[in-house]
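Below you'll find the structures, each written out as structure tokens.
Presented sequentially are two complexes of subunit A, the first with subunit B as partner and the second with subunit C.
Right, the complex of A and B next:
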């Protein structure tokens, strides 16, 4: 076993290679914009260049002169189409071609459609607009923004959590801190660009688009186009990176569908990297104020977390991470408040661990400051404040292995060798610093459906409308079927990413493995039950055996005593060539209409802090070493160790890969990533990968992932806690504390850059 | 991107002739109707973005003259053909041994893929990466003369502090040019008015009132070679590049340093600064301040102060003065400590 394929420990599955790995590395994986489509026309977006005002006139004449131009879809073209809605399924309520009002930089003003991609691009670049301009508000501190309370503005953020009497506890605390933190705007920049290909076959609309939510999009697109959802199909077999950006549908999808209808021809529109900054969602900038009070013994008595987040004028997107930070430790008293700051910006959206990344960054940086204020080891400080029950609702944790994570990561990292004194560790001209932080992510699960078929030849097919966004869900779904049906993984095929398949929830919130594996398990068990019934029937080969004594392995039903029967023969006696089961899974405690909502594309999440029995979270601990040049102050990260516990690990290879990717992203959040917003014009400035920096290979040196065994039957039938978004929570705070340890400078605003260390 | 005519001339005089028939005497090469393309890693990018709009592209890659693709080392120095790829020059044994500052400046630039594609002449002529220049909807005096400069009051973290003007503060982002200017390189150019040699320091123009006039070349002039004089002591030289990430990023500040030492005393110092200036930047005042001095923290610090004495900070780039100084101090001390 090599590092990429960690040896499974207790409750961990085999590190099978991805079943689609070969397709991906040989170019045979067809991403939506690669899917062959005959007689295609190309669309290119024209986007606006102001952030607030009105389009008074569009100049289309030059564009119309471009040879090969077929159509320009602009104002008026969408009048018989309903406006997009903002919510889980829709990215924004801003309907760019319904309304000449400009709400943000880079808003769509037209779609040019032509015979070739080049002609479409050229025409789009020639479209010019006259505007009635107004002074836009860019972000925090800009004149003209409006600040409103977040609680209740989103169904996902109902209230500001609190417990006890914070004010009194804080006032009387022996040791306290009061500090402000901030995180910048970030854009997902998946390598696969955003694209929509739409074509009509009679009444049927087929859309190829990278999507994390094919069922939701089908229903929402049908609503906008005023057609029956049964006539819409969204196809997204492979996705080249999503990170939340391909979760909510953007207004472009309906615009391209209308273009295809007008033309009577397939239309493909690939958004440029630059245009994606204004036409997709992003992680909004946040600000935080954290107050912590503790006794001299290090026990926290008071915790307050206030957050401010930027959103668009029309849509109240709430990040709202206080629900996790408010439950992290044994605080005594908790006070939280989240505010939205409305500016002239496009609507933000989900980006890998949307609430936790910024909010836990602030909390964990503050925890490190508090440990310093107390003169305590930061790991010890967390150990002392480890809760038995979460402080808000006083519910138990379904499982919580945070301390085990700290112990194992600290051991592997060599934390004991760290000299506590700031600036004490050096290597030539390089200052050495070490820091740590906690990672947390809510464990949720949602209703899901799947179809599984087992043939007499021992082939298994799994069908589920979930999405392979790079996490490995196709592989682990196949692994579940392979285990339960006793066939090799090479006999299993898995179909996903098509709204014609049984519906699955959005691939977001780290729910996919839990939801998909739970329903595949259920379908497989239904197949087992049928096989067992036939095998144990009076005339059957295993008559007299009870189901509990049976298992499926190597194409056989095996009884405890050693007797067995071939599945092929059982199917013969059943007089069928295959058994196929359609299963629906609803989480424990889900209301009766939960499954109906699944089919309408809006299944609800369960778990996290919502369940009655317990709160459900996955945890991790991350340790980071930084080196900072004593002259020029550039920061490098030679070493990271993360230990994570997330219930059943279906596949140690794909799990490690997810966590590793998250930690690498964490390096980027700490040191590189930021979208710059021009303060005067409220426009994005660094709209490409030249200036929007993410870590490159040279920035990632020694990175170790430890999978800590954990068993949790309460979370879902598969026993799986999602870990896709766990890895990048906490990393930035660990880097910030390591930077402090090396230099004595507490950097509270991300990303941490050379200029902050020079002063 | 606009449609354009693409031609592949096979000899320099033909290429010059075509260029001169489509351009006039005063045309800036970057604004001319006909433009040369080598690796295309800079020009093609700007054509896609609508920043450059040549009606005719003259591809230099089919030019037959083999010297365009050769690196020749002689007693007089080293001669790089204009079409030599960055990667090849960075890996060249003699370049690494005799002029480490050149090899470093190339090795630390861009990415492996780009270095395999990009030519040395194209590299020195690469245009600024100013974000407001790259995107055609902003006001930019360099791209659209007289339209204003959005960077001045905008986000200008990566902009220059040396050689700026009220019209433009865009940084010259190349690395190789810093090594060339420090080593007194000479450019060989061929145009309709004959061939000429241009001291490297005369090639680029500071923005002044006319930031759209970027170089001293005429629109029909082709760079054929870059020559670096022999300089035995240049074995003690290096290029230090400070950036936000470990690789594949432009310099926030960089220093090309070559030292002729007598023990610890400086006989001669060559210093150029990158990432902080509007053009490749020779720091002569810093060089002079070191001459005849013992090189230590104090004299290196004084040289760095001299180098940045005229620096003009803006809102987001003020740190470049301090960073630039420290980069130079570190580069000087590391060069002193080199084992040659």
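Right, the complex of A and C next:
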């Protein structure tokens, strides 16, 4: 078997190729901006050029002279539309065309609509604004920012976790560190551009837009437009990368819908790469102070993590990663505090492992510093501090295979050959360094609905309003149905990405595989129950058998003793051509209104640290080798090994690919990615893929993913822990530790660039 | 208003790009100034006139009436209905729009459609044979899971074919280097290299 299709181990599913693979390699996978739409008009955004103030006048005359111009949607056009809201579904409360206040650079000031894309773009470029400009506050340390405590500002971040008496424990610790870290602004930059295509059929509004939350958007868009959600349909069959950026709906969606209504014809607006930096969300820059105290035996007695995060003026976006870092090790005492710094910026939003990427980077870099201070091997240091219960609520972990991950990854990596002394390993002109770090991601699950149909011909159709953003959820949903209904995967079709389908939660927080597979399992089992009832009825071919003794395989119901009955024949006796089941899944312990909230587009997550019985996390260990040229300080990461345990693995192929992609994201976090913010103008400077650096093929050489077997029945019926966001947690800290090992330089501010090693 | 004059206030547009440069020069973005984006010139109004353009795409001829500013990418997607070619940046920076023109890989967002008259254009839709058999490179991408979301995939596959035909697939190192113009944000890179290696020899004969 080749590397892309790892041989399944215990509790791991077959590495089936993606069921939509052929569509994707032939150009037949239709992303929202590809969907054929007749008589389309093209929209182009005009965006503002100041970060704080007011638009006093718009100059539209030049734009109006462009041949082919059809309309300009600007101030006034949205007066009969409600403003967007900030929250789980909406990206921001900033309503760009509702009032003339400018909250950030690149804010939408108008939408030009024309017969052709070229004319629309030309017209948008000609729209000019006069401003009453105020001095903006760009980021940390800018005059005019306001710092507030984060706890309680978001329903997802209720309190600063703490345990024991940190101050006393830290004061009396034999070995201690006190260090500050920072992570930069980052933009998701999925390769698919953000776009909205909207058209009206009578009262019905159809929107084609890449979305990680079609049900939530349907409800929210209907609220803004003051129409019945039943009259709104969001269509997003394939999504060209998301990483959180297509989770919250932005104000553009309603603006394009209004343009289509004014014009009485479909309007498509594809946001340019540059405009996306200001009109979508992003990962805000963070700062951290970490203090760790330990005894000479390496046992941690005191841990404090303070975090600062930038947000916009009107919206309190919080990630608050102390919830995870505060539960990582057996600390003895814990003190945490998170602050928000309000600046003149667009509102940040979820980006792949939003809390863990920055906060675990800081923690794991500090853990390496502490191991150095103790003169201890960094793996051994983590082993010594492995907790039996999480330190905040003293609850057990539903499962925790971190040490197994460390052991397997260390062996595959050859950690034993590492010379501990800084700068001791060289290869010609290259300084060699090795580092490691822990990955952690909360295991959550949310209510979900699905419809599954089995026909007499043995065809299976799965319908679920989840989203194929590249995770492979369409494939694993089909795989679950194939296994439970005993048909080949080639007989299964899976429909997703449409708000007309049974509702699913947002494809975020690594919940999709767990939520979707749990409900598909439930629907398939309902079909099994019906088939079994008919087969074991008094006159049935398997009369006398009990359900527990039956299974479905190869289109047959097979009893333990060897007797069998064809599904086709059972359906005949039932006098039906197909069995179709609509199932709803609610997580254990979910309140009675959980399913109602699913239909209103706001299902709640369960799991992580919220459940009564246990805390639920997936873990991993990552090892990296860096090579740094002794003269030029060029930094390469030629080798990475990651071992991860995430409960049941539905498909080792898609799981490995996601973890691999995550680890490469980690290289980007460590060495490449940063959106530069002009401190004077509060403006993003490097707004394209030439200057916003992301890893390319030449940045990756040898990468190994190990899927460590783990069984966890507590997390959800499918036994699945999400892993789409696990892979990129910790990687940057492993790289920073390896850079220290190679050079003796501890880089605490990401990304690590040549210039930091030259000083 | 206080703005530094060196910063482009409106970024790059195809319009300012055209006004400021004679041919598709990649250095243009940072040089396009606000002044160039001001009043339209006489020559530009002519550029807006639709021109009937004949393009040979996947061995089929398309007669399209195009604004001369239309990129090959937009001509394929919006006028020929071939949406397999993807727009990822419209700046020649991501590789998603890669097609083959006379067998060589070209970024279709940086090429005006009218510049491609008389040339053979191959897009992702033109790779599989009429009986549905996939090109070896397409099959290799499936076998090695060389994509996740699939959006950059058409560009990756055409770039991979171009890379092999250029003689730049001799080693893994070469493949990584010569495939680095195609960004895969899902980061399927090691799988892409494995796919190119698998399909390399068959592609040479295809």
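Just so we're on the same page, the second predicted complex is superposed on the first by the 759 of 759 C-alpha atoms of A that agree within 3 Å, B and C clash if a C-alpha of one lies under 4 Å from a C-alpha of the other, contacts with A are read in each partner's own complex, and residues count from 1 in each chain.
Just so we're on the same page, a contact is a pair of C-beta atoms (placed from the backbone, for glycine too) under 8 Å apart; a residue touches a chain by one contact, two chains touch by 3 or more.
As the structure is a prediction and not an experimental result, all values here were calculated from the model.
Enquirer: After superposition on the shared chain, which partner residues are touched by A:317: those of subunit B (first), subunit C (second), both, or neither?
Expert: neither
Enquirer: For A:118, is the partner it touches subunit B (first), subunit C (second), both, or none of the two (neither)?
Expert: Touch partners of A:118: subunit B and subunit C.
Enquirer: Applying the document's definition of touch, where does A:690 land relative to subunit B and subunit C: first, second, both, or neither?
Expert: both
Enquirer: Now for A:274: first (subunit B), second (subunit C), both, or neither, which partner does it touch?
Expert: Once the two structures are laid over each other on A, A:274 reaches both partners.
Enquirer: Contacts for A:671 in the overlay, against subunit B (first) and subunit C (second): which applies, first, second, both or neither?
Expert: The answer is first: A:671 touches subunit B but not subunit C.
Enquirer: Please indicate which partner A:629 is in contact with in the superposed arrangement: first for subunit B, second for subunit C, both, or neither.
Expert: The answer is first: A:629 touches subunit B but not subunit C.
Enquirer: According to the stated criteria, A:753 is in contact with first (subunit B), second (subunit C), both, or neither; which is it?
Expert: The answer is first: A:753 touches subunit B but not subunit C.
Enquirer: With both complexes superposed on chain A, which partner does A:472 reach: first (subunit B), second (subunit C), both or neither?
Expert: It touches subunit C, and subunit B stays clear.
Enquirer: Once the two complexes are aligned on chain A, which partner has more residues of subunit A within touching range, subunit B or subunit C?
Expert: Counting residues of subunit A touched by each partner, the higher count goes to C.
Enquirer: What residues on subunit A does subunit C touch that subunit B touches too?
Expert: Touching subunit B and subunit C on subunit A: residues 49, 118, 121-122, 125, 274, 681, 687-688, 690, 695-699.
Enquirer: Considering the complex alone, what residue numbers of subunit C touch subunit A?
Expert: For this pair, the touching residues of subunit C are 1-3, 9-16, 29, 37, 39-40, 45, 48, 67, 69-70, 74, 77-78, 81-91, 93-94, 96, 123-125, 127-128, 134, 138-139, 141-154, 157, 175-177, 179-194.
Enquirer: Subunit A touches which residues of subunit B in the complex?
Expert: Within the complex, subunit B contacts subunit A at residues 1-3, 50, 129, 131-132, 134-135, 137, 150, 153-155, 157-158, 242-249, 252-253, 319, 322-323, 326-327, 329-330.
Enquirer: For the complex, give me every residue of subunit A touching subunit B.
Expert: On the subunit A side, the touching residues are 49, 118, 121-122, 125, 274, 429, 629, 631-634, 636, 671-672, 676-681, 685-688, 690-691, 693, 695-699, 753-755, 758-759.
Enquirer: Within their complex, state which residues of subunit A touch subunit C.
Expert: These residues of subunit A touch subunit C: 2-5, 17-18, 20-31, 33-34, 36, 49-50, 62, 67-68, 116-119, 121-122, 125-126, 131, 133, 188-193, 238-243, 270, 272-275, 468-472, 653-654, 656-658, 660-661, 664-665, 681, 687-690, 694-701, 703.
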